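The two complexes that follow have chain A in common; it is paired with chain B in the first and with chain C in the second.
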Partner chain A sequence: MSIGIAGTVVFWVLAVIAVLAGAAVFWVDSMARATYALAVSFVAVGIQVLLLGLSYIGVITVLMMIMEMAIMAVYMIMFMGMNPALMPMSMVHGKRTAVATATGLFLALTAGILLAPWPARSGDPVPDPTAALGEVLMGSKMLVMIVVSAVLLATVIAALVLALPRGRYDRFGDDLRRRPPTDPQPGGVGR
Partner chain B sequence: MTLQLVLVVAAALFSVGVYGALSQQVVVMVMMGLELMLNGVILAAVACYWFLTPTPTAQVVLLVVIAAMTVEMAMGFAVATLLHRSRNSDMTDMATDLRG
Partner chain C sequence: MVDPAVPLTAVLVAAGLVVLTTVTAVVDAGLRDPAMRDRATGRSWVSRRAGAVLVPVVGTVRLLRQHRRTTVAADSLLWRVGVVGLPVVALLMAALVPVGPGTVADSSVGIVWFNALDVTVWALVWMAGWGPNSVFGLVGGYRFLAQGLAYELPLMFALTAPAVAAGSLRLADVVAAQDGLWFVVWMPVAFVVFCLAVAGFAVWGPLSHPAGVDIAGGVFAELSGVDRLLMLAGRYALLTAGAAIGVTLFMGGGSGPVLPQWLWLAVKTGLLSAALIGLGRRLPTLRADRFAEIGWLILLPATLLQVLVVAVVAARQGGG
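Moving on, here comes the complex of A and B:
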């Protein structure tokens, strides 16, 4: 099974776009533009996933990243204001170390990729990968989804604990002994 | 198109993400670096699916990577909110209390 010459050309054009847009995230001079660049990189990879026959995974990658970039834009405006998010800025630390680490990592990964004895492909993709994925998730791989569900629930709880301004430590202090509690947002029955 | 070439592209995406995660000071920008790293992992996993094992099990690995991305995003935004509320800043350099 192959994606054809046209598909191959599109795939490599998208690969170049994905890498260049990824580099542009840390090269452009405003956070808003960086967000757009990251979205472009993700959409390019999402279309590559679609080209390789995984329509379900490709579509959820594209949709999820577009939504995430929208939320990131909201956060930037919320924390920095509209103008600073569009203003030129460079807020980096340890740039040389980061460049050296990233370059070394890329060279090491590339060496490993080119030197490893990769096996031949075993079998062809099934005609309907989405249906096959659904069946395997409801069958032999259900434990994976159960674990992911628990992790996502823990994430929701942890994110709320971190983000809520009226937790028990906010009210009772770090040692939980402050009496009466000081509420950032007073309220509740009898108060 | 070969597996090795696609994996090199994925490695490039991952390495750019590592640069961002290490060098950026703003929490949201650090998150973007982590997202780029996961972007590379997605591309590598899809390449392994297509060139090595085109089975539904390989797709399950991809779903787990996407779930990890969701967790990273949610926790990152929560930490950014907490930092902004407690320090009135969204810079990682303002949260070095646990530095050894």
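Moving on, here comes the complex of A and C:
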């Protein structure tokens, strides 16, 4: 699909924003700014996906990234021991290794991009690229995906049960008869 | 995304909706400000009314002239982004609404755009709370996120119901699908949850805990001058933009007899936002921890059941 001159301009502007915001994650001196710099970078990429004609996937990317970063900011700040997260702090550590790894990775990926024999477009784009993409990704593997989703859900629940700090015996007593339960924080529905 | 063929009227109606709310905000902020209220309580009925009309003007001028309060080690960038962002998000929401002559930003996934925009409010309110480097603001910001987690998932399922019934994520299609019957009639749960979520992202009424009086106004605590004006206006703009989307999703959008579409839309939106504002004033504020349990244990299963009912009806009708 051709995106035209306007599309090309939008692509490059977004690309520059995405890269600069990504780099800003390491320039800034606060956890909050680093988190939201990352969010800006992701949102720019999400909007770029719109240029591919994948409206739903692009908008969902924007939605998920903002939501995720809003929650991640809380954890980033919470898990900084002694809370220097609330004060100016450096976002980098192990600089020498990091710079070497990053440079090496950048060169390797760039070489890959430049050297790969990219296929030329053949045929016309389908009217609904989102549906076509879903078909390609999931079409023959739908049964596997459905089974995996149940397994994943079970894993999430099991992990929560294992990590649960207060179970029903803590709340309702050893014979599960205590009413109302003892909760450090009373809930809203009077359980 | 913006269709160049959309007449200027569409843009004007959408922008007009938001400007209207800004005026409402200013009136409200003026009327409720203790310093301003005294001016509105003249002796005679006439002078009281005259005073009440002047109060918003005086209030706006006062906020515009007020010096900006500065706090120690404030994160000005994030703070300003949070404050300015609210009215911007409201405008973008209004742009999605089909206003009769056309839609400013007609998207095949309009409902998802709306959802992405209301999630942006999470980031903005938290930033507005974080920015001033003040305890009350920060507590307010954290309360908003806790509350957001509780209203967002029910909201997502409430948005799913009209989309399933219309078989489309385009807002214009949702309006067209309500030709015979408004969705609010057979999706009351989704509608109520939607309105609650609008109150949530506008930090309003029962969900105004992040701006609670117990924390001196929370996310609004350190705001002054034009920042305060913008954020209060943004809050009302979000209420109205949310109401406009609610009218589009559940109350037939601009459809109605005799009057033109944009007028019906404005009338319905006005009524729904008046209801939201009036109810919000009368309902007690819910603590974020209490609302979290209500959201996850009552609202989420209720909306899931609602979507189930809607899906079964849509499947039987052969649509969707």
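One rule holds in what follows: the second predicted complex is superposed on the first by the 122 of 191 C-alpha atoms of A that agree within 3 Å, B and C clash if a C-alpha of one lies under 4 Å from a C-alpha of the other, contacts with A are read in each partner's own complex, and residues count from 1 in each chain.
We take it that a residue touches a chain if its C-beta (ideal position, glycine included) is under 8 Å from a C-beta of that chain, and two chains touch if they have at least 3 such contacts.
Treat the numbers as computed from the prediction; the structure is a model and nothing was measured.
Participant: Of the two partner chains, chain B (first) and chain C (second), which one does A:S55 touch, if any: first, second, both, or neither?
Facilitator: In the superposition, A:S55 contacts chain C only.
Participant: Please indicate which partner A:I71 is in contact with in the superposed arrangement: first for chain B, second for chain C, both, or neither.
Facilitator: A:I71: touches chain B and chain C.
Participant: Name the chain, either chain B or chain C, that contacts more residues of chain A.
Facilitator: After superposition, B is the partner touching more of chain A.
Participant: Per the contact definition in the header, classify A:A32: touching chain B only (first), chain C only (second), both, or neither.
Facilitator: second
Participant: For A:L63 in the superposed arrangement: first (chain B), second (chain C), both or neither?
Facilitator: Second partner only.
Participant: Between chain B and chain C, whom does A:P180 touch in the aligned arrangement: first, second, both, or neither?
Facilitator: neither
Participant: Regarding the shared-chain residue A:P127, is it in contact with chain B (first), chain C (second), both, or neither?
Facilitator: neither
Participant: Once the two structures are fitted together, what part of chain A is touched by chain B and by chain C alike?
Facilitator: 56, 60, 71
Participant: Can you check the complex and tell me which residues of chain A touch chain B?
Facilitator: Counting only chain A, the residues touching chain B are 1, 3, 8, 11-12, 15, 18-19, 22-23, 25-26, 31, 34-35, 38, 41-42, 45, 48-49, 52-54, 56-57, 60-61, 64-65, 68, 71-72, 75-76, 79-80, 91-95, 97-99, 101-103, 105-106, 109-110, 113-114, 118-119, 121-126, 129, 132-133, 135-137, 141, 144-145, 148, 151-152, 155-156, 158-160, 162-163, 165.
Participant: In the complex of these two chains, what residues of chain C are touching chain A?
Facilitator: Going by the criterion above, the answer is residues 1, 75, 77-78, 81, 107-109, 112-113, 115-116, 119-120, 122-123, 126-127, 130, 142, 145, 148-149, 152, 169, 286-287, 289-294, 297-298.
Participant: Where on chain B does chain A make contact in their complex?
Facilitator: Those residues of chain B that touch chain A are 1, 3-4, 6-9, 11-20, 22-26, 28-29, 31-33, 35-36, 39, 42-43, 46-47, 49-57, 59-60, 62-64, 66-67, 69-71, 73-75, 77-82, 84-85, 90-91, 93.
Participant: Enumerate the contact residues on chain A facing chain C in the complex.
Facilitator: Residues of chain A touching chain C: 30, 32-33, 36, 39, 50, 55-56, 59-60, 62-63, 66-67, 69-71, 73-74, 185-189, 191.
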